[in-house]
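Chain naming follows the written order as A, B, C, D and E, and within any one chain the residues start at number 1.
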Amino acid sequence: MFLGRIVGTLVATRKEATLDGLRFMVVRRLSIDNDDEAGYVVAADAVGAGVGEVVMVASGSSARQTVYTDKRPCDAVIMAIVDTWEVDGVEKYQKSTP
Amino acid sequence: MFLGRIVGTLVATRKEATLDGLRFMVVRRLSIDNDDEAGYVVAADAVGAGVGEVVMVASGSSARQTVYTDKRPCDAVIMAIVDTWEVDGVEKYQKSTP
Amino acid sequence: MFLGRIVGTLVATRKEATLDGLRFMVVRRLSIDNDDEAGYVVAADAVGAGVGEVVMVASGSSARQTVYTDKRPCDAVIMAIVDTWEVDGVEKYQKSTP
Amino acid sequence: MFLGRIVGTLVATRKEATLDGLRFMVVRRLSIDNDDEAGYVVAADAVGAGVGEVVMVASGSSARQTVYTDKRPCDAVIMAIVDTWEVDGVEKYQKSTP
Amino acid sequence: MFLGRIVGTLVATRKEATLDGLRFMVVRRLSIDNDDEAGYVVAADAVGAGVGEVVMVASGSSARQTVYTDKRPCDAVIMAIVDTWEVDGVEKYQKSTP
């Protein structure tokens, strides 16, 4: 999986029929140190994530292993909201608590 | 999924038999900010998209999860026509209304 | 799918048993404008293509969706010979007629 | 598979239900010569690996071929802890013995 | 498939149980012209290849289509030993005969 930050939403009225009801989020890739990268993906949301949250994205056939994406033409899914990660003992991200 | 703009069509008379009837579109990749990128893909069309439209493309085995592409040697499918997306609160694309 | 030009053939006598009889072609990637790129792939041929022809290549599990490649350890297949494609109204390639 | 070093752990309380119990590790990619690379992946652990260890990671649908990851939205798994590898007769890594 | 040269072996005592008995080879990627590239992959061997040999590697789910790798967490397999290939009429590699 890679790490990303949800930076926005995407609306697509005309789409393959089985995709009705899926929420599509624009996810900017993050480096291992939590810096923005140029890359992005549009992913379906399987966990009720919102704009601004840092998430994990699974790609390929693994993106279809949720009840929301099963048997659908979808190759990227948000499958977790990240609380924190660390690299070499340094915390790189900590989800803010409300 | 990634975002792209359909820039043209492709004709291939001689092809694997199960591909008969599929429409192949040349899709240029777009950056998260809606700028043209060098990358492209040739994708089958599952939603009746036309040249000039901005679309979402699913790749890999997920590209076969439509009635048009099921069990066919096709690794990219246009599965949605994009109306709009935004990044950090800024609208990056808005489909023009006729 | 990506576009490529068949630049040569590859011979491999010792190979996984199920691959017997497959023809392996060296395919150089082409840009969207029909320029040579550094990238390449070795692909199985499912359409009787020959050296010099411009073709479409499907990758991953989609490469196994032909009678020639089904259930075989093959991740790239030539599934169409390209006649022509265009980009923004400009024809980028036209197969020469004999 | 690619080679990587486990540099940290990741916590995600809110995640797709089937992922409960999986341990997620942040894995930095290593070059063929055992140098750190910029790339990384977050992988599920199938072998009881710990921070600091050098491991092999399998990606895509292959990442789901373990009892921990079967049918789950997970596209990267640590499937082996590396003892040693060599390149052109030179040992590039040797796991230290306790 | 891509072309590579086997540059070494890898030992991993602790690994996912189904991988027991597989031989893991370090494969350096080769360019279309048979030059070394920086990229590499660790691949399971399905054809009895040895260090120094030039081989073809299949990736992803296609890597599991051999008796050695079926249903195992393995995303790259050596499925052929290359005898020769040519590019634009020029032989780029010829296996030496003993």
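Keep this in mind: a contact is a pair of C-beta atoms (placed from the backbone, for glycine too) under 8 Å apart; a residue touches a chain by one contact, two chains touch by 3 or more.
The shown structure was predicted, so the numbers you read here are calculated from the model rather than taken from an experiment.
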### Task
Compute the shortest path length in steps from chain C to chain E over the network of touching chains.
1
### Task
List the centre-to-centre spacing of chain A and chain C in whole Å, with centres computed as mean CA coordinates.
33
### Task
With chain centres taken as the means of their Cα atoms, state the distance from chain A to chain B in Å.
20
### Query
Which residues of chain A are in contact with two or more other chains?
60-61, 63-64
### Message
Could you spell out the chains in ring order, with the walk beginning at chain A and its first step landing on chain B?
### Response
A, B, C, E, D
### Query
What residues of chain D sit close enough to touch chain A in their complex?
7-16, 18-19, 24, 26, 28, 38, 40-43, 60-61, 63-64, 71-76
### Message
If we count contacts the way the header does, which residues on chain E are in touch with chain C in the complex?
### Response
1-3, 31-32, 46-48, 56, 58-66, 69, 77, 79-89, 92
